[in-house]
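Across the two complexes that follow, chain A remains constant while its partner is chain B and subsequently chain C.
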Partner chain A sequence: WGIFITGRGSHHKSNNGRVNMASVFDSCWFLWFLPVCYEQWWALFASISPYAWATTGIALAIGLSVLGAAWGIFITGSSLVGAAIKAPRIQSKNLISVIFCEAVAIYGVIIAIIMQTKLVYESSPSSSFAGYGLFAAGLVVGLSNLFCGICVGITGSACALSDAQNPTLFVKILIIEIFGSAFGLFGVIVGIIMVGKCSFE
Partner chain B sequence: MAPGGMAAFNVDDGYLEAIVRGYRAGILSSTDYANLCQCENLEDLRMHLSSTDYGNLMQNEPAPIATATIAEYCTRKVVDEFRAIRTQAIKPLSMFLDYLTYPYMIDNLVLLITGTLHNRDISELVDKCHPLGLFDSMASLCIASTPEELYREILVDTPLAPYFQELVSLDDLTDLNIEIIRNTLYKAYLEDFHRFCGTLGGATREIMQQILEFEADRRAINITMNSIGTEITRDQRSTLFPSIGALAGEGHVRLARADEVASVRSAVDGYGLYRSLLQVVEDNPEKNLEDAFFEHEVKLCRLAFEQQFHYGVFYAFLRLKEQEIRNIVWIAECISQNQKLRISNYIPIF
Partner chain C sequence: MAGVCPPAAPFFGFMGAASSLVFSVLGAAYGTAKAGVGVASMGVMRPELVMRSILPCIMAGILGIYGLIVSVILVGQVTEDSYPYYSGFAHLASGLSIGLAALAAGICIGIVGDAGVRATAQQPKLFVGMTLILIFAEALALYGLIVAIILSGKTASSC
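Entry: the complex of A and B
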C-alpha cells in the first residue's frame, strides 16, 4: 500500500526477491515517519556503537563546562575591568568571582579524566549500558557546569559593581555567589556516582 | 540577545556600564552639598569642588571666578565623560547615545535661528552652543529664511532631518514660529526615541519608556502652562503634544481646552502622579512646577541605577549630572548674591 500512496513510486526487487523499502519511499521523505518504519529507526539507533555514546559524553562534559566557565568569566571580567578604573581597590578581592568560574572548568576536566579511564576497547562490546551511562554522566556534568558558570558570572559582575560603590556589600553578594557555585558541585557528585557504575569489561 | 538580556549584555556594553557606574559614584552627595552651602564666597566653593570628583578643573582660572565659568567647567567635564563613553560604544549602544545628543542639537539649532533673526554674529552664537549638540553645517544657518529652506539647504544631512516633516506648513521664522519649531522637533524626537527603546526590548524598554512617557507628559503640561494667554490656538497647541505618555488621548484633549491654571489642574486631576505634583506646588509657595518635575525626574533616574544590564543608566547619568550642574549654579548664585536663605532649595540627588 506504500506504492499506492506514492502513486508513481518505483519498486524493484532486491537480491532476495524482497521489496527494497528504501527505493519505494524515495520520492516521499515524510513516509519514513509512518509507524511501519519504526523498526528501521530502532535498528539504526541500536546500532550506534556504545563507544560513540561514551566519547560524546566525555566531549560534552568538558566542552559544556568550559563554555560555562568562559561565559561566566567574560561577564564578570568586563564589569570588573570597567569598575576598577574608578575604584582600583576592588581589583584583587573581586578576582574570587573569576576563580569560582574557573573552578567550574576544572570540575569538567576532572570528570573527563575519570570518564576516560573507563574507556577500554573490546572488539565485541557486551555492554551498551556503559556507553549510555557515560553519555548521560557527561550531559549531567556539562549542563550543570554550564548554568553554574553563567550564574556565577552574572552574580560576580553585580558583586564587582556593588563593591565599587559600597565596600560593605562585597561579602554579602559573595555569599550569593557561593550558593551559585554549589550547582557545579552537585553535577560533579552525581556524575562521579554514575561513572562509577559504568564498565566496558 | 536584547540589550536587556543578562547573559549577553556584557559582551559589548559591560565595560561601558561599569565606567558609567564609576562616574555615578562621583556625583555629589548630601555631605558635599552641605559643605558647599557653608561656603562664604566663590573661592571657597572652588576649593570645596576640587576635593570632590571635579578635581583641579578650575585651578588655572584667575582669582575672582564667576558663576558662569564654574558652570562652563562643570559642563565641559560632563561632555568629556560622555564623549569618552560614546567613542568606545558600538551599535546599538552608539545609536542610543546619539539619541541622547539630539535634544542638545535641537536647542542649538533654535539658538542659532533666534540669534540670526535678531542679527547677531554667527560665530559668537556658535560659541554659546552646547558642545554635545554640535553638527557640521552650523555656520551656514544664517542663509535660511523659511523652515523649508532650512531643511532643504542645511539640515537634510543631519540626524534631525526626519523630524522636520511636520513643519512644512510654517511660512516664516518669527519668534512664535521658532518656539513651535522647537516643540515640534522635540515631539518628533521623543516619539522616535520611544519607538527605538521599544525595539531594544528587555529592561531598557521598561525603564526608558517610563522615563520618556513622564517627559512627554511634563512637556504637555509645560506647553499648556506657557501658552495660556498667548496667541497660539487650541489646534496648534494640541499638535505640539507628544503622542506618548499617560496624558495622551483624554488628557491632551482636556489640556488643549484649558485656558487658565485652575483648568489645567482639573484637566490632570484624574492622573495621580501629576495631581500630586501640582498639589505640592500649590501647598508650597517656594516651590515652582519646574522644581517638582525635576524632583520626579531625579527619582526616576535614581531608580534606573538599581537595575543592571540595560541602557537606562547612560540616560540617567546624563540627566543627573545636568541636575547637579543646576544645583551647583544655584548654590553659587545664592552665595555670590548673598541670598543665603534660599540656598537649600537645590534638589538633592543621592
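Entry: the complex of A and C
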C-alpha cells in the first residue's frame, strides 16, 4: 500500500535534509490530505536554502526602507512646494520633514550592512536557523521603516500646510512627526537583536 | 523522531517576532498620521488647543511600544535547539495576537482621534468624551498584549 501511495519505493533518502523534488510532486500533489504527505510538504519547505532566506531578508531590509523613505519624501515634498507658493518663508524650516524621511532610508542601509557581515559561505550549514533569523530581521526592519516613512511623510505634509497658515504651529506639529519617526527605531532595535542571534558557522 | 528538533520550527518563531512589531507599527503609524492631520487642520483655527490635542498621537505611539516589548521577548525565546513546533507555533500566535490587536487599535485611535480633535476645536467640552473613547480603544491592544505574553511563555525543555 505504501508503494501505491508513493509510486516508487526507493526515493525517501534525504541528503542533508534535501529531498528529491520529483518524489514530492508525483506522489503527493493530489493526495495532499494523507498524513504521509504532510512530511513531504515540510521537506519542500526545509529544502529552500538558508542563503535564499538570508539574502531575501537583506534585500527586503534595504528595499522596503528606501521605499518608505521615498514615499514619505514625495508626500511631504509635494505639499511643501504647493504651500510655499503663497508662503515662501516655510521652505527652509520644513525641509526637516524631508530629512526625517531620509533618516528612515539610512536605518535600512545600516541594518543591511550589518546583516551582510553575517552572510558567510558554509558548504553544508548546520541548520536553517540563521537564514530564518536574517529573513525575519529584514522583514521587521523593512516593513517598519516603510510604515514609519509614510507616517512621517503624511505628518510632514500636514506640518507644512499648517505652517503656511500660522507659523506658531510648526513646532507643535513637528512633535507629532518626532513620535512618528520613533517607529523606524523600533524596527532597528529588534532587527539588531535578531541579527545578533544568527550565525552561519 | 524523539530528540531531533525540527529545523523549520524557528521560522515560525521568528515570524511571530516579526509580525508583532510589523503590525503594531502599521497600526501606530496609521493612528499617528491620521490624528496628526486632524491636529494640524484644527490648529489653523484654534492654535491654543494643539498641545492638548496631541493626545491621540501619543496613544497611538504606545501601541508601537507594546509590539516592541512582545517582539523583544519573542526574539529571546527562539533558539536553535530544544525548539519543537509547539514553541514555534505558540510564538507565532503570540506575535500575531499583539500585532493584529495593535493594528486594530491603531486604526481605531486614528479615526477617533481625527474626528475628536476636529470636534474639540469647535466644542471644547468634547475633549473628555474623546479621551474616554480613546482609552477604550487602547484597551483593545492591551487585551492582545495579555494573550501575547501568556503565549510567549510556552516553551519546551526538549524536542
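Worth pointing out:
Throughout what follows, the second predicted complex is superposed on the first by the 165 of 201 C-alpha atoms of A that agree within 3 Å, B and C clash if a C-alpha of one lies under 4 Å from a C-alpha of the other, contacts with A are read in each partner's own complex, and residues count from 1 in each chain.
By our rule, a contact is a pair of C-beta atoms (placed from the backbone, for glycine too) under 8 Å apart; a residue touches a chain by one contact, two chains touch by 3 or more.
Everything numeric here is computed off the predicted structure, so don't read it as measured data.
When the two complexes are overlaid on their common chain A, residue A:Q165 makes contact with chain B and with chain C alike.
When the shared chain is aligned, chain C comes close enough to touch A:V190, but chain B does not.
By the touch criterion defined above, A:I150 lies against chain B and chain C together after alignment on the C-alpha atoms of chain A.
Counting the residues of chain A touched by each of chain B and chain C gives the higher count for C.
By the touch criterion defined above, A:A87 reaches chain B but does not reach chain C. In the superposed model, A:S79 makes contact with chain B only, not with chain C.
Once the two complexes are laid over each other on the shared chain, residue contacts for A:L67 go to neither chain B nor chain C.
Where the contact sets of chain A with chain B and with chain C meet, they give residues 150, 154, 158, 161, 165.
Put simply, chain A touches chain B in their complex at residues 71, 74-75, 78-83, 85-87, 150, 154, 157-158, 160-161, 164-165.
On chain B, the positions that touch chain A within their shared complex are 6-7, 10-11, 14-19, 21-23, 25-26, 308. Across the interface of their complex, chain C is touched by residues 17, 42, 45-46, 127-129, 132-133, 135-137, 139-140, 143-144, 147-148, 150-151, 154-155, 158-159, 161-162, 165-166, 168-169, 172-173, 175-177, 179-180, 182-183, 186-187, 189-190, 193-194, 197 of chain A. If you check the complex, the residues on chain C that touch chain A are 6-8, 10-11, 14-15, 17-18, 21-22, 25-26, 28-30, 32-33, 35-37, 39-41, 43-44, 47, 50-51, 54, 57-58, 60-61, 64-65, 67-68, 71-72, 75-76, 78, 80.
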